[in-house]
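Got a structure here, written out as structure tokens. Questions coming.
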Amino acid sequence: MSKRIDKRKELFQASQMLDEMGIYNEQGHISVRTEPEADTFLINNHSSPGTTSLQDFVVCSVHDSDFPDSVPSETIFHAKIYEHRDDVNAICHSHSPYATVVSSVGLEMRPVHQGGVFQNGPVTIYDDYNPEGGTLITTEREAEDVSDALGMDQAVALRGHGPIVVGESVTHAAIISIKLEYNSWLEFMQASVGSPWYLPESVIEGNLDLAFDERKMLKPLDYYLSQSG
Amino acid sequence: MSKRIDKRKELFQASQMLDEMGIYNEQGHISVRTEPEADTFLINNHSSPGTTSLQDFVVCSVHDSDFPDSVPSETIFHAKIYEHRDDVNAICHSHSPYATVVSSVGLEMRPVHQGGVFQNGPVTIYDDYNPEGGTLITTEREAEDVSDALGMDQAVALRGHGPIVVGESVTHAAIISIKLEYNSWLEFMQASVGSPWYLPESVIEGNLDLAFDERKMLKPLDYYLSQSG
Amino acid sequence: MSKRIDKRKELFQASQMLDEMGIYNEQGHISVRTEPEADTFLINNHSSPGTTSLQDFVVCSVHDSDFPDSVPSETIFHAKIYEHRDDVNAICHSHSPYATVVSSVGLEMRPVHQGGVFQNGPVTIYDDYNPEGGTLITTEREAEDVSDALGMDQAVALRGHGPIVVGESVTHAAIISIKLEYNSWLEFMQASVGSPWYLPESVIEGNLDLAFDERKMLKPLDYYLSQSG
Amino acid sequence: MSKRIDKRKELFQASQMLDEMGIYNEQGHISVRTEPEADTFLINNHSSPGTTSLQDFVVCSVHDSDFPDSVPSETIFHAKIYEHRDDVNAICHSHSPYATVVSSVGLEMRPVHQGGVFQNGPVTIYDDYNPEGGTLITTEREAEDVSDALGMDQAVALRGHGPIVVGESVTHAAIISIKLEYNSWLEFMQASVGSPWYLPESVIEGNLDLAFDERKMLKPLDYYLSQSG
């Protein structure tokens, strides 16, 4: 039980931090497996990430899509991603503005800065929406499609909606969410004045090797926590 | 009488919130019918929305355009809209910057994001100004024209000036004002780097169905109130 | 003497307000005649407008260009403008960013919004610099040229440097500085996504008539003072 | 020893100030020779500039590249620059966003405003990366190349990464870092709406002569310190 409380604290802290950084606005959700490889996960209810309290995270099952009423209608894509990706323990979905703009307008989502490197290859952009639900991903079929579009990557972007980011841990998913928004901001600014200069592929590999050791994740975490609250 | 006090509190709260979000600057007005279908309404006097107090809202008549000196010269368009639209109980007029830019420059005002969906069809842009009053809407004829341009929509935009948004309640009008500015911001950013990607019409219908149940309005309201004051 | 103290208080208050609004950065100066039609004026010394105290304003003479060491080298253009314009009692010079960008890049400085109307006709852009002083206006000849470029207008813009705004009072000059920066911001945004839509000339006249009665100046002043300090 | 403490205080103060101004984010480093012409220097460890404490600055040797584990892997380029430039006593390396965007996208880095003048000629842009280290400068050869690219200038920009700025003192390097970011911001905005208007060369010389006397450096320092903390 105390493990679950710790998970709630992790979600709470990440929600606050990402909200203060402008990654979240009144919309967005964040989830984490109750423990590694578990088939249950915690997700925020209808409260906004920036206004959640510890009690606002609800347990859902990976395999049973009959979710409690209090969770977002899009909880289904969290379940499907956890089902297909044993390595994923946490998922952030936001409407972070620059990632949303870049993915909507038809620019490639590729690193323009070392601080934006988190996977090999561009982020896939998904827009095969089922009209009934608008741009929301609320059916099993769409959730499967989004999970397929993600594949073995760290992020997929819903066009006209926002990115979904996955990680081995809440910290990992949060930091990739920050990197994606940061890179999108720089790419947006470059595209405002010319053609974005994407990092050469050979260089991306070098940066990727350096991006996710423990120290590399603690540094931004320390910094952004110092800025918030 | 206590109903009118409650209406003043609603206007005050919405004015503060929209000011802190950058929807209002030193200009702008907000009004509400004293009760549903009433032919009187409350509107802020010459004070800016962000600096009003409860005493700064003045009662005006829908049918008598001989308004008190203390109200804005544009109070006439509030009266005309209330006259023609029984379903409208509240009106926000702001110079919110991105909606103003998008409507001025000749871009279509259509949703580029699910968070910007609030009506079917684009927002009409009005620019048939009577030169004597500049871009202000101060005569009965212009107020009728603006009311016609609005039609049965939720918003109309005055070119080189700013949007007018109507709703069933103060909350409804305030949230649509937020959605319009949010969508305009994303559309502006998309247009800075390419051609905006507008949501397909079929998808808009789906999003619209989901946009205005009570929970959908309380969520952003909770969030933005938590950010202000 | 107490009149001069009042003038210092006016300059101090305007300096603080314009600094908090981003009109001033670490550079900029503001001056006022010690009384209407006087041939002496007060100007801030080398301190930034946002960090001045009442003691930081220094008395200079309109006709004697042998200024105290403690005042900016550009004090000469204040003197020349006061010499040629009896109607001018206050001058603001800033590097306000959007006005500086718009005037540098070759866009016309004309109103795109009713809130940006403060004179008939576009703002003149000056760039006939004497190379020795860089883009600073430090010689009598340049100061005369800048005063000529201003003519009977309310503002002139130094290319690659920043605007000079004049008024009948500190409040008048401060509010025109705000209007110029506000209009430049909107014009900049419009130019980022298309061609700016300038207000038709007939409409400008109508807006101009309404722009500078006492109430029209007190409203933004109330608002921006409420935001600062 | 107390001299070294004073140097730590200088680095701490500049780190805080540049962080609050958005020059630094969670990344970046700053160094200073322990005294003029010394072959040892102090540099921040893996903490972000905005979260360092006095204890977080570590002494390194100019000639011995076997640095302590706790310093950034890029410390090597600080050493090489100190080795080649006796006149340099302080170095700032940041990912300041506008300088990074301008240098990445292929615009020339030249002054568009008098406040952006700090050297004759444009800032050199470096992008000859050794793929193994990604865009990080971690080998002696790359550090030599970057030092060559800097030459006798005050700044060099790493494409897709960020600028390196050098100065006679911490204050000098900090103020040039501010000027470079400020100019890049204005240049970025100009390029968003047209072609940047670069200052004529003759004018640059005039501005350069005026840029670095003591008073010219104290004024922005006073201002930006008043804004931070």
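Lettered A, B, C and D in written order, each chain numbered from 1.
Definition applied: a contact is a pair of C-beta atoms (placed from the backbone, for glycine too) under 8 Å apart; a residue touches a chain by one contact, two chains touch by 3 or more.
Keep in mind the model is a prediction, meaning the values are calculated, not measured.
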Same vs different contact residues, chain A with chain B, by half of numbers used: different
C-alpha-based rotation, chain A on chain D, 0 to 180 degrees, nearest 5: 90
Most remote chain, CA-based centroid, reference being chain B: D
Centroid spacing, where centroids are CA-atom means, of chain A and chain B in whole angstrom: 33
Distance from chain C to chain A - Cα centre to Cα centre, in angstrom: 47
Where chain D touches two or more other chains, by residue: 192
In the complex with chain C, residue positions of chain B that touch it: 25-27, 46-48, 50-51, 95, 97-98, 100-102, 104-107, 129-136, 159-161, 188, 191-192
Chain D residues touching chain C - in the complex, by the definition given at the top: 111-115, 117, 185-186, 189-190, 192-197, 199-200, 202-210, 215, 219-220, 222-224, 226-227
